[in-house]
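Multiple structures are listed underneath, in structure tokens.
Heads up, the next two complexes both have subunit A, just with different partners, subunit B and then subunit C.
Let's look at the complex of A and B:
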């Protein structure tokens, strides 16, 4: 029993890692752009397909392929900012619809390029850390956990300690006042989109060998990310991380001890409960909606 | 008089329409008719300023309810469709208690969560909802004859006539509601909520009313669909269809009654018929996505703004200026 608990705990840590990478990106985009990026799950998918293409087809080393995923998806984010979100700045519903359109395009491109079948990638490493006979952590999952810790810490330092980070937070809080202080709103929007999309891309790239890659894989991911950002408080990065951990623990334990559908229902009910009791979320204060 | 002629001509055109189409196009026509009801009922909710992501699931509630009433309780199909609509409206009233504590973006996400929970409950509970495989072998509409025409409801043409009639009646009711004092209050709830509240309007009650009416008609649409297709499952009402409804409403424009209908018809014809005929089978979602993006970028007020432009040009500049002043 103790071993089962420990193993489920490890699974939860892994789930928390990739969920928080995705959710933090989504929150960052929402905070700075004021738009809900429905295509975020598809950015995650694009990251996974970059690895499929580079690592499996072109035999590029895995970590180089992951870095390519980060940069490629970050550039997709830049393209979205320029083509969709900048012209639709004053039209939040329009931004949402445009991101849905972009989502359909990405899905169609993936389906045309790779087919709708599941892609299974040759495992990067078979190594497994064994804590005991029944408690084991595949090293591929460890990569995801390390990446999440390193990247999110780096992002935190970037946002809190550097001038760029200050500018970004200022632009998120009050775009007009920030612009009056000489902060380029376009510049901060580009940075936020690159980082936000890139985080989703790297999450997809690192988990590609661990999940079945298919054009619709973004679907469940975006729902999870929505739950997490609502529970954590829309616009709060710390909240998104805390909520990711809480959600991952609850969802993983529910899946292990009951079943996956019940776990999903519980997750959604939690989100509904938070919306009813404290609509700004556990950590949210500013109300941008 | 002129109006009557127009209505009669339109009715004749709608009666003749399916005979010029292929079998698969006739089937699409049936779905299009039902979708028009779906998107028009959705517009009634958007009048109060709330955008729901649960509308398609609520339509599914009507479909499941109607299928179960007719299958398990042996209710006569036309009655069970109406009861399905009533069930959907009732559920909307229940959902309004948690959901209307939220507004705007939070309502959007909250309604999405509520809808997704309902869908997962269908998936999880095999009895009575049939689990992931859903309900099969739903009672078809009983055939009947009106002398000059025999209704055989396995034929799409017959079902099209039936659903067109039902949808036309529903649209007329929706239109009357919008033009009634209640409908004007919905507008007030959206644009002047503080003022309306100060004038003694119970905002929450009117939001709930709009939600219930919209859901009831969506439920009727769901019932119509269930008894035509004969099988429903949780994935028939997933977020993909909701995205389509949202697109129809936004691409068409929600400022007028005909806007969402226009969006629904134009996009469906474009997607199902033009792109299919041209042989773009695989690229359809891509082109559809492009159309969505381009229309939101270059036509933010929807297709209805083109119609308005065309109809007001003849009347001189005064109307234009008046509209600009608004």
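Let's look at the complex of A and C:
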């Protein structure tokens, strides 16, 4: 039983890692730009396909392919900001609708470029850390955990300790006041989009060898990400991380000890409970933060 | 306003004339078919999305089938020879899209027969079948009911044939005594769960746990595999999981240190699973769908023309795409062609009457009989032998052909019991 609990705990840590990378990016974009980016799951998908293209097709070393995934998807985010979100900034629903359209375009591009079948990606490593006969952590999963810890720590330092980070937070709290202080709203939007999209991209790139890569892979992660940011508090980075961990633990343990369908129901019930008890989420406030 | 969107030179009169001509042409598809001596066959299956692996390779196989048949003179009906042409519609495994597709194929394309994967999409299509009397085929006989008089399941009796794999395993690996199972919670997964439970019970293999059901949207299978392995089973059964699930589940089993027997309905693209695990890990993996270059398919009992040549041609055109359904829709067409030629007509009523004459038919894997009243309420499933396939030295190998009716005659009550427990009988669905 102890081994089962330990293995389930490791599974939960991995799940929390990739969910938090995606959810934090989504929250950052919403916090700074006020846009609910429905195409965030497809940015995750784009990161995975970058690895398919570079690592599988062009034999680029895996970690270089992952870095390319981060940069490519970050740039895709910049393009979205410039072409979709900026022109629709004054339209409350414009960004949301545009992102839905963009997700369909990304899916279609992936289907045309790579086909509809899941892609085969050779394992990066088959090495496994054996804590005991029944408690094992594949090294490929460890990469995701390390990346999440490093990147989210770096983001926290960036937001708390740098001038750009302060500008980003100021723009998120009150765009007009930030602009009066000389902060460029356009520039903060670009930074937020690049980081938010890049986090989704690197999550997709790192997990590509571990999941089924196909044009529709973004669906399930975006649903999970929305549950997480609603529970954590829309606009709260800390809330997104805490909710990711809580959701991953609950979902993983429920799947292991009951079944996956009940785990999904419990996850959604958690979201409903938070909406009823604290509509702003665990770490949210009435205003965007 | 209209003039603003018209190309220069295109007058309103020309536009209206063209529109009228197009409308008239689209309303007369059957006339067009007769004039061109072409019989159109509808292919209504998922060509994109998670279930595409059980649609697209089947369409690819049908194109090869059509070229072969057309090169040999086409389909001989009483009023002459007809070339055959497939018209595909991607239903994305969505009932509403399947209904739209069925309507379009019948009304606009004038098809004579429609092949489907079935499952979740059939309820969307059934009203169209009832209204038009069109002949449909499904790969999933669990779609059958007494009301589906124009629906046939002539290629596979999913999931009933899974019993042959378990039966073979029990006879050849008697030391395996315990099993666990996981499945996606949908119209494909649940009847298969009931079938495997009946097969394990008949074989004296103990289920250590209730089948673990997961949401079809699942992407991380580590928790599922941890649970499966927690009771230290001799056999892990992957039910009728889609290939998008079979691959990551096998990878997780490998990474979490599983060393026992795996049994599954399918193992599409198994070479990729081997690449992600190891040849040793996959040795003995048991499933139900052979590669068609298997020498066992050259035996006299097999009613599929030149299976080895078909497999070679398929792999030449679509390298690495061979899957469970690559041959199945083509084998349905073999049966349909034989029946249409026997009836001398492509009309649905005439074809189905010719097909079921005498209560027997030539299934791809041997002579079979029309069967199903007890399970489906109608004898519209063609049932006979089915191959048991094992991966040996990295290659799918037919171990034996086994009789599904023979198993059912002995253990049919168990199957009915478990089907009822999962609400999968025709009168429960």
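Please note the rule applied: the second predicted complex is superposed on the first by the 286 of 289 C-alpha atoms of A that agree within 3 Å, B and C clash if a C-alpha of one lies under 4 Å from a C-alpha of the other, contacts with A are read in each partner's own complex, and residues count from 1 in each chain.
Just so it is clear, contacts are C-beta pairs under 8 Å (C-beta built on N, C-alpha and C of every residue); 3 or more make two chains touch, one makes a residue touch a chain.
Fair warning: this is a prediction, and the values are worked out from it, not measured in the lab.
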*Report for A:118: first if it touches subunit B alone, second if subunit C alone, otherwise both or neither.*
second
*Could you say whether A:192 touches subunit B, subunit C, both of them, or neither, answering first, second, both or neither?*
neither
*First, second, both or neither for A:93, with subunit B first and subunit C second*: first
*asked:* So in the superposed three-chain picture, is A:138 touching just subunit B, just subunit C, both, or none of them (first/second/both/neither)?
replied: second
*Report for A:4: first if it touches subunit B alone, second if subunit C alone, otherwise both or neither.*
second
*Is A:101 in contact with subunit B, with subunit C, with both, or with neither (first, second, both, neither)?*
first
_subunit B versus subunit C as contact partner of A:261, first or second or both or neither_ = both
*Tell me which partner A:245 touches in the superposition: subunit B (first), subunit C (second), both or neither.*
neither
_After the superposition on A, what does A:279 contact: first (subunit B), second (subunit C), both or neither?_
first
*asked:* Show me the subunit A residues, by the header's touch rule, that subunit B contacts in one structure and subunit C contacts in the other.
replied: 111, 219, 223, 259, 261, 264
_subunit A residues within the subunit B interface of the complex_ = 36, 83-84, 87-88, 91-94, 97-98, 100-105, 107-109, 111-112, 219, 223, 226-227, 230, 234, 259, 261-262, 264-265, 268-269, 271-272, 275-276, 279, 289
*Which residues of subunit C touch subunit A in their complex?*
47-50, 52-53, 56, 185, 212-215, 217-220, 222-224, 226-227, 229-230, 243-245, 247-248, 251, 254-257, 269, 272, 275-276, 278, 321
_Interface residues, subunit B side, partner subunit A - complex_ = 51, 98, 101-102, 104-106, 109-110, 112-114, 116-117, 120-121, 123-124, 239, 243, 246-247, 250, 282-286, 288-293, 296-297, 300
*asked:* For the complex, give me every residue of subunit A touching subunit C.
replied: 4, 7-8, 11, 14-15, 111, 116-118, 120, 122-123, 126, 128, 130, 133-134, 136, 138, 141, 210-212, 214-217, 219-221, 223, 251-253, 255-257, 259-261, 263-264
